[in-house]
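Each of the next two complexes has chain A plus one more chain, namely chain B in the first and chain C in the second.
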Partner chain A sequence: MFTILLKKELFVEFRNKEVVLSMLAFGVAVLLIFSFSLSGDPKINHEMAPGLFWTLVILSSSLGLHRLFGQEKDFDAFASLIAAPIDRGTLYLAKWVSGIMFLTVTEFLIIMPFFLFLGLSLPITILPGIGIVLLGNLGIVAVGVIVSGLAMRAKMSAVLLPVLLFPLITPLLIACVKATIGWYHVLPFSQWQFWLLIMATYVVIFSLAGYIFFDHITEE
Partner chain B sequence: MLSVTNISKSFHYKPVLKNIGFSLSPGETVALIGKNGAGKSTLLRIMAKISTPEEGQIKFNGKNILNGDASNRKGIYYCGHAPGMYPSLTASENLYYFSALHGYKSDLNKINSTLQNYDLSNSVNVPVKVYSQGMMQRLKLALLEIIDWSLLLIDEPFNGLDFGGQQFVIKKMDAWQDGKRSIIFVDHDIERILKIASRVIILNQHSIALDEQVDSPELKSKMKKLLN
Partner chain C sequence: MSIQFQDRTANNLLVLTIILMSANLYTIFFVAPMVPEQTWAQKIFYIHVPIAWTGFLSYFIVMVAGILFLLKKDPFWDRLGLAAAEIGTLFIVLVLITGPIWATPIWGRPWVWEPRLTTTLILFLIYVGYFMLRKFGGHPERVARYAAVLGIMAFIDVPLIFYSVKFWAPQFQLHPQVEMGQQPDGIFYPFLFSMITFTILNILMLRIRVRILNFHHQIITNNV
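Up next is the complex of A and B:
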């Protein structure tokens, strides 16, 4: 059932390009503002890059997360979906995995302009950075699907989503920024491994909570 | 087949349903009626596990559907007010996907022939967001030919349909009354209800005010009295 649900998520997004395009357009706009508002001093940009990157990610992802249930909301396909004899935890997992894919694709498209516009030097090692970003994505979308599912039935869901999302996501974002600083500024691993542990714990807690409680989250 | 026991539900501390209880045997076609806000749609949504009651229990073929495994609901199909389909997908894609969700892997040939029978073959490759209300209703009913359901929960199936559309739905509902499958539908037209249903349940003041077979004496006058 997970495969069917995931395939549908990817197919609908492939047809509409609603989630990725909205995140990408917003991300590029934020990036342009960053590049024009910063001093242009590569040293300052280098110092601020981890924080700027995660600001860009969280602002863009909030837009994409809002549209994660957009197709279900428009024609109340969500009622047909949850009335079907499927485990709602599996539905959460499909939304989670597809959301991670959409966010990762957006980041992949935006990362080069990010380095280019801010005049940043490329990091020495890339793999740890990819790991940090993926772990951050896992956490952001784990919380995002829960919040988006909760906000979906609200009349002002576009307002409700960031109001609920940002306070919940703040501890994860702090950990993401700290881990990214450690990696990008080439600090000893022992100085930032703690933040990776926080991120991993956050991912486990929220993904499990989403899987277990999505049944209650989605019911009227 | 279905037993509903002591279902209560409120929205914002305002009761919508109070201690609703009834049971349904295979082959019955029940019309669920009542004034606006009586809780008909809410009861259907609770039976489809879209909405959660504060109290009560629902068993389908002896299995708890409110707290039990999702597979306990296999055989129940809910058809609500709204289209309930993915707007950007085509008719065949929607049918393929929703039949898969109900546990049936149907081939495209079967889907296409069903769409042809439901007079939708001309619009098979366009997203369903451009469909009219009548076409959408036919599409929702077409899914019932593909999946193997035993209980249909259908909310106002005649809403917004022209005369031809209404006759089409009546014909289909007649055809589905095979003695094995059951239907619970919400409607407001007394004459039509008496033609289609085998039993009538009227919700009034958040509770069941009447639960009778259609052949019971003076049912029509009782229905008019309760609905006016």
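Up next is the complex of A and C:
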């Protein structure tokens, strides 16, 4: 059932590209703001790059997460979806995995303009950075799907989502930025491994919370 | 069904709280000794720490009420959660006001990104979202479920927020690391007395607020 639901999410997104395009367009717009509001000095940008990157990701993801239930809400299809004999936890997992995929694709598309516009040098090793970004995505979307589900049927869902999401993901944001600083500024692994532990703990706790609580969130 | 407005337990608790609070203020200002390097600024700790305790206790009650509501579907637990969230937020706002009042003369600036203060601020922001969700979430029965989930998530986020802020900026670890058990009796007993007094105040406020919410529920369901 999980595969069918995941296929459904990917198929809908492949057809209208709503989530990825909204995140990408918003991300590029924010990147433009960053480029003009910072000093333009590549040295300063290099220092601030990890924080700027995660700010960009979180701002963009809030927009994409809002659209994660957009189709179901717009066409009133959510009632039909939850009327089907599907375990709600599996529904959460499908939303989570598809959300991670959409966010990762957006990051993949935005990373080159990010380095280009801010005049940043490329890091020496790529793989640890990919690992940090993926772990960060797991955490952001784990909470994001829950919050998106909570805000979906609210009157001010577009406002409510970031208001709920940003404070909840503060520990994850701190850990993501710190781990990225460690990797990007080539610090010894022992200095930033603690942050990977915080990220992993966050992912485990909130993905389990999502799996358990999604039943209560989606109940009619 | 008629509404029983009289609540003797609440009235007795109110009298007890007034007596205890008066005695508490007298103890803080006239009995507890001055700490030489902090003088009057230290006095705020007899208020600041107990209200922080009652604030976090209230948020703990929100979590427990949330779990019980999701398990039993009894609206009482939702009303208890809402009452505890309101009272907890009131106390947390007071913590965020009294903290900088103490910090200004002692640290030389009203705000530093210290873990306890930062955790309190983030929790307050989560609860701003909680009340927005309560207000704009839609159908009351659905909102009750959403609020229960958010109350649980907010509380399980606390240790993660605390430890991430603690290690985020070690230079801001300025919060007094005091073991109250090792304090002289002149400080320890007034502090303990203040903690008990504010806990009783919290229980009283919770009881009154839950009763008001019960009345409200009875009125809107036309059971009066």
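Operating definition for what follows: the second predicted complex is superposed on the first by the 219 of 220 C-alpha atoms of A that agree within 3 Å, B and C clash if a C-alpha of one lies under 4 Å from a C-alpha of the other, contacts with A are read in each partner's own complex, and residues count from 1 in each chain.
Following the convention adopted for this analysis, a contact is a pair of C-beta atoms (placed from the backbone, for glycine too) under 8 Å apart; a residue touches a chain by one contact, two chains touch by 3 or more.
Given the structure is predicted, the values throughout are model-derived calculations rather than measurements.
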First (chain B), second (chain C), both or neither: which does A:K8 touch? first
Where does A:E219 make contact in the superposed view: on chain B (first), on chain C (second), on both, or on neither? both
Give one of first, second, both or neither to describe whether A:A154 is in contact with chain B, with chain C, with both, or with none. second
Looking at A:Q191 after the superposition, I want to know if it touches chain B, chain C, both of them or none. Which is it: first, second, both, neither? neither
Quick check on the superposed pair: does A:S121 touch chain B, chain C, both, or neither? Answer first, second, both or neither. neither
Same chain A residues contacting chain B and chain C, which ones? 216, 219
Taking the touch rule as given, give the residues of chain A at its contact with chain B in the complex, in rising order. 1, 4-5, 8, 11-12, 15-16, 71-72, 74-77, 79-88, 216, 219-220
Under the stated contact criterion, what part of chain B meets chain A in this complex? 45, 48-52, 69-74, 76-78, 80-89, 93, 97-98, 100-103, 128-129
Contacts from chain C onto chain A in the complex sit at residues 70, 122-123, 125-126, 128-129, 132-133, 136-138, 142, 145-146, 148-150, 152-154, 156-157, 160-161, 163-165, 167-168
Write out the stretch or stretches of chain A touching chain C in their complex. 143, 146, 150-151, 153-156, 159-160, 163-164, 166-168, 170-172, 174-175, 178, 194-195, 198, 201-202, 205-206, 209, 213, 216-217, 219
